[in-house]
Structures are given as structure tokens and as C-alpha cells.
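Before anything else, here is the set of structures, which you'll find just below.
In the two complexes below, subunit A is the common chain; its partner is subunit B in one and subunit C in the other.
Right, the complex of A and B next:
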């Protein structure tokens, strides 16, 4: 365990106060559960001088039905999301994704906002300062080369949050507080496919809440992930699926993935299955479609081709299960 | 008075005598010690895998305010190593570095930040050399030698050819050969390495508290590397957070702390990070194996031909012993007459390997039990049948002169077969589900110690004073395995007294008799016997005293543990009264007990190194593993494990059950998820996320049966319980996978991506019309 640097801890009571503190301090970071950030600080990847602790901001702990949908504060813990009755009933993919993150103790600390803003991960990046220095660093941090794809100029570090794909299914919006006030942004637009810089947030912007719109009738959803161990591990691939079935035909079908690229994304092309049945042939086609879109790279020790394949399998199984539920 | 009887402790589940401190957080581990003058010690590590050290300039680091000492290889009086014949490691590299992360220098400073800053100020100039990360590269023609005295980078090659292997193969009805590849694995014990060194400048004496399994070896090496007399050293072993062989030898963390403490004239604490603990390694080597077996139609084995190549890492370490075990452990479990072995231990530019739980036997067992399972099926025999066709009859000497004095493997087989419902369920579990089985064995301590000095293998002191308590002084290292509890039980049982009378003081060289340490499952057998011997000696003295007081002959004294009396009508003497009588005129009682091995157990002389494998007793185990395989994701779920372990006599059944479950679980990690990975010699896995030890979520129900084939020389008949069940899991798992989906896995760990590749390769070959897949 490497030593933490000296840091000043701020405890704002409102989001606006937090944003103001962030603007004042040099090298500040927002801190919620800390399960991602503090590990990176210990590894010397981050060296903030100030931490702005979000736990005292009341509105970030609230969860309520609104406009037929639901609003969730960014500091809600993963356990709270996993256990929430409304999510379990109407947006089960979200509750399941929250319940699948790491292990029970991580879910007690980890938050909605933290999981959505997770740093991207790579076996050449999530290492100690000594290790990275010895390996000449990498494109993502202080270095010139990518060890995943040497010669390339793109960083392939993988996004591994479980909640994002589940929320993408429902056109979630994020509510951001920044130096210029508040704004709403579709969650899908909060990400870009670049391991180096995967969040589109402006400097100092804070994720205050997530809003899910009202749900069309009869929508079913679910989330599943692959990992080597049944606990702790980040997803090798994670898939969220939403669909509805009417008179034996798909009325709706969306698949979103995590762990297999630098951002969470809705798989394009699933609309072609709408209107037809999900039978043996079409579910196999769906699997192949998802596999083709899952572009895992060698960012962990498990082989990329395995992660692509398993992404397809997860989506296929979820879809089959939901269609017959 | 008539209902008084000796207290029974043996064979009953006993909570550990050192348990309360652990569960209340009061136990002091090495990193918990501190002193007012304590400094922080940190180690500078080599960024390169193989290089000549041109120069080390520490001037700038030494000049930094708050830095009290900087040490380098120049401060080491000598090399160190665990085998007297292969001490080629420097505490801090001298002349050359041989793996990435090897310690080069160390600093002691007032705080961690200063120490870290000082490391950055040390300038080392390297002249890089070619580096070899696989055994194949290191053995290739033209490769330079890592060590001048080890030409061709061969640490040791072992050859033996016993019986008539070629004749045996010719006479077999079926001969099959397979190759196997097993990844390197690491212990990943809970507590990272830590050392706290105190230096008394007035008397020039060093006190070391460190996380070690072998305080005696640490004592020896501290004296050697510091160039001081052994009487200037005191080693105290505090509570230990797991060993499994990761600290069965002196580590650089201990040596660096001691060198720094002496130079600074103050206390120094070195606590390694998890990454540094992984770099220190001392785990099980990556191995390539080739095995050929000849079998008759009835399943009897006619000959074994085996070759093993181990990637040993940069220094000798236990390497010679490990490669010798890999060969000798072909024997001791089945009736095998003819066997040939070619073993190569190779030096490479990777962290040194050591003696991991199941030392040397695990991969041999994996190869053997995999191969004979396939052969059984090819011959139309049940896997149980083929094992039963080759059982030993104890007592016997094996072809390589190993003593087998007790043997409960047949009973182990019977139980797991029955408990798992093997006969009713095998082949009827439905698609993608399967059952597999395998057997294994392990020694109860090496009968010839590494440091042969003529002393007994174990010595125990018992002290009894006016308070009538019994203080048990032992050098044996309690590392969480329950050794202190077992010794207390052995003494309590022999005397018939309550365990509460006994206080165990373990592993302080200023107080306790020397002991070789906790490795090779030697402690219960050897130290247990010494404890019994000591208790018997004490009992004789107490009986003598009671006789004096009761005015009867010693042979007429009836010892009931807490009461000594002359007969049923006699009110007798309490234990306190007997003790007071015994102390009269003599003062505090001190008795000792010893244990030594018998020459028949010393192993053979038929080839160079044949003594390795010699032991007083073998434990035996059989297990059945049930799996379900997901055909789409290739994920394996272990549904259940049935394991029977013959430990002679379960002195503490609670502890035996835990040890057997722990062994199975550790075998599961090695079989399914754990492996070290290198990127140009840098460890990719040096944290608990990327080194994938199974979590409790992944742990199946493990049903344990204790089998007790009493050993004639064991303490109350006991033998080894902590290692023997590990190696059987690996082949039982792959045999179960073969049963479930019809593919033979020969590469470990069998991760989902590996199994998927194997499935796809098999499917391709089937489509192409081929039957066998290489």
C-alpha cells in the first residue's frame, strides 16, 4: 500500500458550494465512496491536493418518483439502488447492475455518481507508480506509447461501470452542476469512446442526479456480467437488455454494453429485430451482432476474443430470458 | 473420588489456544510493533530484468535530511539462501541484478515520505544483459549464464531410472503419453511480508520480529549476512498472517531491516506492499511436464516415464529440493516398480520460486492422475478401479526407498466413492455436468533436515513452577495452522490435565529451544512427538514426587491427571500438592522432550538426491469433484467436493477439517483462476484484483471425511493434515470437466478463455474428422 499524499478535505453542504470549492482549489477531486479514486491516488495515478467530499449534500441522497419516472441523487449507494423497490419493479436492469458491482462492502461505499464516472481501466495503467515508471508509463498517463496496441495513438483503457449500460437502456439524463449553473445531458452524451478522456464533463462539473423518464408499458429489462470470480472483479463484459413482447413479436429491443470498450454504449442495429419473434435463429443473430460490436482489447489478462464472445452470449441469454418471462 | 479420570483432549475439537487475540484484534503482527526511535525502511528495486551493476551512488540520498541510513550490497557480509549448497542470493544485489524488482538498496528515514524521496536520489548505473523469461529461452544455445557456477542456466538436473521401464512399457497393454503446462502460482497469503529490527548499539545485538515460518533459518542468515556472531541475534516470531511456504526462508525484507537498523543504530520497520510481496514471490514454478505410463488391461501400472522442466526464477532457493520432489513423489502412493525421471530446474530472470504448500508434488500428481484417468476410460475401467488396482500394502519400502508405514488410501477411496454417489450418479448427471476423482499424498516432514547438525529434529521444554502451571516452550512457528494448540493437547493428554494449565510460548530464540520451523508438514509429527516425550518425562517426575509424599512405590501411583493416588480408597493428592512436593529441594522443574527420525525413513541412495522424499509417514487423500460447465461461456462451476484425508489420527479434528478444506480450496485456485503473468519480466498480476484467488462466493461446499490409519510412530498415531489434499483437486477438476464435456485439459489454470479455446479447437478437429486433439 503506497502512502497517500497530504490532501485538504472539504465538506460542502450543497452542490453549488461543492462546485465553488472545486473552482477555488488547485487539483481538486470530488470524493464520494472513494473505492475507485483512493486506489488510484495510492498508485500515484491521481495526486489531488484537495478532496471535496459529497456525502453532506442532502439532495444527492434523495430518490423519488417524478413525472412518472424516477430521480436519483448521485451519492446514493449501490446497495441503496440494488434494494430500491421502484427500481426493482420498473427498471430491474438498474437494480441488478447495482447489485452486481464488486462485493457487498464496495456496494456499501460506492455510489451512483462514482460508478458512472469511473476512470477507465487497463492492466498497464492500474499499477503502482514504480511499475508504470519501470514500464515507461503509457499513453493514458505520462507516457508516449500504448502497451495494448503499440504503435497506435489511441488509448483503449476499458470503461467498466455496471450501471451505465442499464441506465442507457432507459434514455437516462444526468443533472450536472458546474461553474455556469445546472444543465441536463443525456447520459449517452456524457461519454466518448476514448480511454484517455472518456467523460465529456466540463472541468469542475458535478453529477448531482440521474433522471429516468417514465417507462412505456410492458418493458422488461435485465443486466448480466461476466467475471472470473463471482465477486470483486470488474466486468470482462457486461450487458443490459430491454425489450417488450406483443403477440409473440418483439415490440422493443435495446442492448447496451460495458467492459468491452472505452465507453458504455447502446448496440446499434438491434431495431431490425423489432416486429419479429425472438426465436432460435434471431437470438443467435442477436448474439453475433453484439459480439461484432463488442471491441474488447487486451486491457486485462483474460483474452479479448473471450470477452467479445461472452458479451454476445450474455445479451442473447438475457433477451431469451426476458422474452419468455 | 472414584469418578475422577484423566482429562481427554486428543481427538476432540479444540479452539485454538491463540485464537482470542486474533478475533479481538489484539494479536500483534510484525507490522504492529513500534518503538520511539523507529525508522521507516524502504527498498529500492531494479527496473531492469538482467544487468551488471556498474555503480551505485547513494551520496545524495544520504545527504537528505531525515535519512539515517542507506545500505547496498556492499553492506552485506555474505550471500544467503535456504539450502546450504546453494546460497547465491544477495540481500541487496551485488555485481548483478537478475529480475525486475530485485532489491538493490534500502534506506531508513524518519518517515515514509522522506524514505521514498531518498530512494529517488539513489543513482544506479546498469549495463543491461539479455534476459530470459521462460525456461526455454534460458536453456537455449548461446544464452548467457545467470550464475557463473550454473552453466546452461541449469540449477539442477535430476535423472533416475529404477526397475525396468522399457520392459514395463513393452509388457503393458496400453501405453499413453501426454504433455502438460502449468502456470506459476503464488501463495497470496493474507499478511504482506514485514520485519521490525531493533538494534542495541551498546551491546551490538539485534532483535528481529518478522513474519516468518522459519525463525531459526532467519537467525542463521541474519548472522551470516550481517557478519556477526549468532549469539548477537535474537529472533522473535509474532503472530503470522499465513505462510503456505511464502516465508520458509529468510527474505530480503528481514535482511534489509537488520542492515539498516545496525547502520542507523536505531529500530527500523520494513513493511512490504502487496506488490512487493508478490515480487518477493517464492511460489510454485511454471512447469512443463511430459508423462508416459504403461498399463495392463486390469489397470495395474507397469512403468512410468516422466520429464519435468521448472522455471525456477533468478536464484537457487529451494530449487534443487523442488525438482527432486517432483521425481521422488511418483512413488509413495501407488505400487510402482519401474520409473524413469528427467528433471530440469532452470534459472530465469523472474522472481525466485520457493516451497509452496504441497512442495514439488502438485504438478506430478496433476499429470499422473490425469493420464491414468484417460487410460482407465480407454481400457473400459472405472477411475476408482484403476486406483485400487495399484494400491500399496503397508508397511513397505518403495522402489526408491521411501518408508510407508501406514496407508489409509483404500479407505479414503471407499468413502468418497460412496459419499459422492459415484456409482449411481456417474454418467447420469445430464449434459455439461460431470464427476471426476483423484488421489494424492504428502510427507509428514522431511526425515533429513536441510541443515544436518546432528541435533534432534525437535526439542520441547516444559517448565513447572509453584503456581502449578505448565509452560510449554517451543521453537515451532505457529503460523495459523494450530501448532501451538496441538502441542498443548499432546502435553495435556499425556499428563491427563486440563488444557487451561498449559501456556504455550512459541518462537523466541531467547526463551525457546531451537526448531527448524513450520514447513513440509513436519510440526505435528515431530514436535508433537517431542511434546509427548517431554510430558512423559514430567509425568515420571511427578509420579516420583507423589510416591514420596504418599509413601508408596512409584509403580503403585495411579495418575488421574488432576489427582495422583495410591488406590481407589486413597483420597490422593491434587496436582498442586504433587507439584509442591516435586519442587521441594529441587526448585522449579524443567524437563525436555525430543524427537528424532529413524534411519529407515531417511530416503534412498539409488540416485543423487534420493533422500528427498524420505519421511516418517505419508498422509493420503482421495477426492471427488462435481462440476457444471457452461457450454457457451466455458465457465466451470464446482458444485461440490467430497474429500477424505488419512491423517493417522486427528489430534484436533476441528483444525484438521479446516486444513483439508483450505487445501482443497487452494488447489481450486491453482486449478481454475490463479496464475502469475509477466510483461517483459514485470509482474502484471501483483495485486489482489489481477491475481485471482477465489472468493468465498466461488467456494463450493467441501465435505470432509477424516480417515485414521494410525501411524506406528506418529504422535497418538497422527500424520500430516495440512497439504496432502491440495494436489488431488487439480486432476479431479480436469477429470470432472472431461467427464462433463469430453475434453481433456492439460493446461492450468483452466480459465474460461482457455477452456473456450480448447472447446473450439476440439470442435474444429471433430469437424475435420480428427479424433485426437494435441
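Right, the complex of A and C next:
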């Protein structure tokens, strides 16, 4: 039998109760599905003393149309998102991304909140205790140097959640509950490009819901990822694309990436394609733009140059498919 | 640091005192002696620990027992009745869906979860429902045939 650290489980019924419990307890962690957190606890990377289990918070399971957009509770499962009719119709990139996270059993209990607050990942970090100890640990946990870039003082662990880039396409906002009450924040501002500390959330802030605004009618979107095993793995690179086409010209074009930096981000510079057609030449230019912005490092067993290249190709293929759909 | 857990395991309601840090797979295997559920990795990679919680497949190795309050848990031991194998177990037996057998309890439970939702799955449905379960021996073809055989038997 495996000895996990001693932990006390709390079961709040409201978001406010959860926040209060988090503030009172030493070394507390929110526990949603546990499909990332418990792996890290088992590997000794996380050693919480208190777990605040979110499943009993009613509002975090709700999903409803609001102001022409949609509001999604943070405890919805990935399967619920992948199967949701509104998402599939209006925000297909989000439903597709949810349906491509991990494998089917993970999607039964992995949640929206857990996916957005996922820890960053690296081959030198997501390892057993003895493996990390043998390699003198690393900058992200207990160690002195980053084995990916030993010269610097920065950690390059990659953010590898699939949902964030899809949600970034639509100007998603997160609703947060914290010790000082509730606030709304653009999802893009919830992240920073720092593998050690990629979330801008204040200590104990809880992601209660995600809100997507109403969409212009003609917007199309999609998500695609590359992974080692098509059935289960985290993205080596993941791309979400949103566009619209009117009279043969692009009316809108956005690309967001995951897996190729310590944060998910919208690729800057795609607006220069708006107003023109997406033809062979411009789609190749789009591919090169995306490749240049994908700053993958050696955080997986697959070479960084491949992941940069694949990010460009994923975005190009998605854009071509959407433009001709 | 302990929870009084009320659960229904394989149809039997029970109350147990469990430490808050106990994994469901340890509760099943060590506390109540149901060793059919296997542990094949250090967390979420292989699917050997798959059980059904309220009818849906989940990893017992990443689920804390204390989060299963009032849940219905079904393990591979729930399937055979009075020494008679269930349709899925018979499918695995007759189509040679098991070799070393280590992945089998998880595969069987993932397949059980699928057939409860979708009694007539296509091959693509079977492949995607078993995508989180890894087998080092069979090459999967025989496993898919086993699930197809079970679906046929249940339909007839």
C-alpha cells in the first residue's frame, strides 16, 4: 500500500466556504478531479496537508447560456464539456479540446478548473522522487538548476492544458472567488510565461466559473494537437484557430497555442491576414508566423524544433479546413 | 484525518473508517480484500486500476477513497455470478483477449462501462472507450473482438 502524506479532507458546500477553509488551513490545495494533483502528490512533488474537495459546490456544476454567451462552472467534467450542445455548435474549438484531453476515463472526472489551473510540465519534473533525487532535482522543485537551460535562472516547464487555448480564442473570462470576494479576470491575464509560477491567481483564489461572450454568427473554430500516443497524451503542441470568411476574404483570424511555452497564448500578428484570402501563400505565411512564436524547449522527449514546426502545421491545416468548410 | 465512508461496493452497502489520504485502490485491495483491481503505474497512465464509480470508468489509483461518499463502486469482482462469467468476461476468455492478464480487470471494467452506456458500439466506439487502457501483450485486436463478442451476446 502506498503511503501518501497525512492530509485532511474538507468538503465545502459553497465557494465562499471553500475559500475560507483554504485560508485557515496550512498547505491547502483545492482538489477537483485529482487527475493532475494526485499524480503529483504520489510523486512527492506536492505535499498538501489539507485538501478542499470542490465536488459539493453546486454552482460549480452549472452550465447555461447567459447574455448570448455561455457560463460554465469550474467543476464541470471534460466529458460534459465535450458533449455539450451549445459548445459543439457555437464554440467547437472548446468542445474539441475537451474531447482531446487525456483518455476517456480521465475525462469522466478531470474538470474545467483543474485543466485551466494545471501545473506546468517537464521531463525533469514529472518524475518519481528517486528519479528527481538522482538528478539533483531541478529549479522548479527543490533543485538549483533548470536542466533544460542550465545557464539561466528561469524555469521552462511547459503549460500543457488543452482547454486554455480554445477558450482564449473567445475572450473567455474567469470568475474567481478569493478572501476579498469575487472578481472577473480575462483568462489571458490568469497566466504568465514563467514555468515556476505560471498562474497570476492570488493565494487561495478559486476558479468558480468561465464565461464566454456572445459570438458573431459566422465565426468557425477548431482545435488540434500533436501527441506521442494519439489515445492519451498531453500535447507536444496544441493549436486552436478561430476565423470567419466573407466574400473569399478572412473577416477574423486568431490562433492560440499550448504546450510550446510556460503559458497558453494568442499568437500576435494574425490580424495582418484579415481582409485577404487564405490561399496557398498566406496559409504558408501563417504557418511560419505560428512556428516563430512557438518557443518550445526541451521539456518533452520530443525535440523542440519538431514541436515548433508541428505547431505551425497544426494551425495551418486547421485554418485551411475551417476556411473551406 | 479520517472519514466514515458510506459506499456501495459491488452491490453491498458498507461503512468503513478510512484515512483521508487513502487511495480508492488501496481501500479496495487492502481494506476490503478485493485484489482484482490492479496497479500498473504511478498514476493515471495505464488504466489497470479502472473501476466504475456510479457507472462511469475512473482510475482508482488517482481517486481518494474519502471522495467516494455515497457512491456506487463496481469492480471486476462484481461481474461473475455464482461462478458464471459475465458476457464481457466470456468474450475476453473465448476471444483470447487476455494474455498475462494484468490489464484485464481494467479493460473489462472500461468495456463494462461502455456497454452500459452503449450496448451496440461500433469498432471506433470500442477503440475510443478503451483508449485510456494500455495492454503490453495482446496488440488490442483480440480485446476489441472480445468486446464485440460480448455486445453480440448481450443483444441476442
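Following the convention adopted for this analysis, the second predicted complex is superposed on the first by the 323 of 325 C-alpha atoms of A that agree within 3 Å, B and C clash if a C-alpha of one lies under 4 Å from a C-alpha of the other, contacts with A are read in each partner's own complex, and residues count from 1 in each chain.
Everything that follows uses one rule, which is that contacts are C-beta pairs under 8 Å (C-beta built on N, C-alpha and C of every residue); 3 or more make two chains touch, one makes a residue touch a chain.
All of these numbers come straight from a predicted model, not from anything done at the bench.
Enquirer: Let me test your reading of the model: by the given contact rule, A:130 touches which partner, first (subunit B), second (subunit C), both or neither?
Expert: Once the two structures are laid over each other on A, A:130 reaches subunit B alone.
Enquirer: Just subunit B (first), just subunit C (second), both, or neither: which does A:306 touch?
Expert: In the superposition, A:306 touches subunit B alone.
Enquirer: Applying the touch criterion given at the start, work out whether A:23 contacts subunit B, subunit C, both or neither, answering first, second, both or neither.
Expert: A:23: touches no partner chain.
Enquirer: May I ask you to decide whether A:292 touches subunit B, subunit C, both, or neither, giving the answer as first, second, both or neither?
Expert: Neither subunit B nor subunit C is touched by A:292.
Enquirer: Going by the contact rule set out at the top, does A:104 touch subunit B (first), subunit C (second), both, or neither?
Expert: Second partner only, subunit C.
Enquirer: Once the shared chain is lined up, is A:147 touching subunit B (first), subunit C (second), both, or neither of them?
Expert: In the superposition, A:147 touches subunit B alone.
Enquirer: Examine A:231 and indicate which partner it touches, taking first as subunit B and second as subunit C; both and neither are also allowed.
Expert: In the superposed model, A:231 contacts both subunit B and subunit C.
Enquirer: Does subunit B (first) or subunit C (second) touch A:13, or do both, or does neither?
Expert: neither
Enquirer: Does the superposition put A:249 against subunit B (first), subunit C (second), both, or neither?
Expert: neither
Enquirer: Shared contact residues on subunit A for subunit B and subunit C?
Expert: 1-2, 103, 128, 231-232
Enquirer: Hey, which residues of subunit C end up touching subunit A in the complex?
Expert: Against subunit A, subunit C makes touches at 1, 3, 19-23, 26, 29-30, 42-45, 47, 50, 56-59, 61-64, 66-67, 69, 110, 128-129, 131-133.
Enquirer: Show which residues of subunit A lie in contact with subunit C when the two form their complex.
Expert: Residues of subunit A touching subunit C: 1-2, 4-9, 11, 31, 33-35, 38-39, 42-43, 51, 53, 55, 102-106, 108-109, 128, 231-232.
Enquirer: What residues of subunit A sit close enough to touch subunit B in their complex?
Expert: My answer: residues 1-3, 103, 123-124, 126-128, 130-131, 133-135, 147, 226, 228-234, 300-303, 305-306, 309-310, 313, 317.
Enquirer: Where on subunit B does subunit A make contact in their complex?
Expert: Residue positions touching the partner: 45, 47, 100, 112-113, 116, 273-275, 632-635, 673, 677, 679-680, 682-690, 692, 694-698, 751-753, 756-757.
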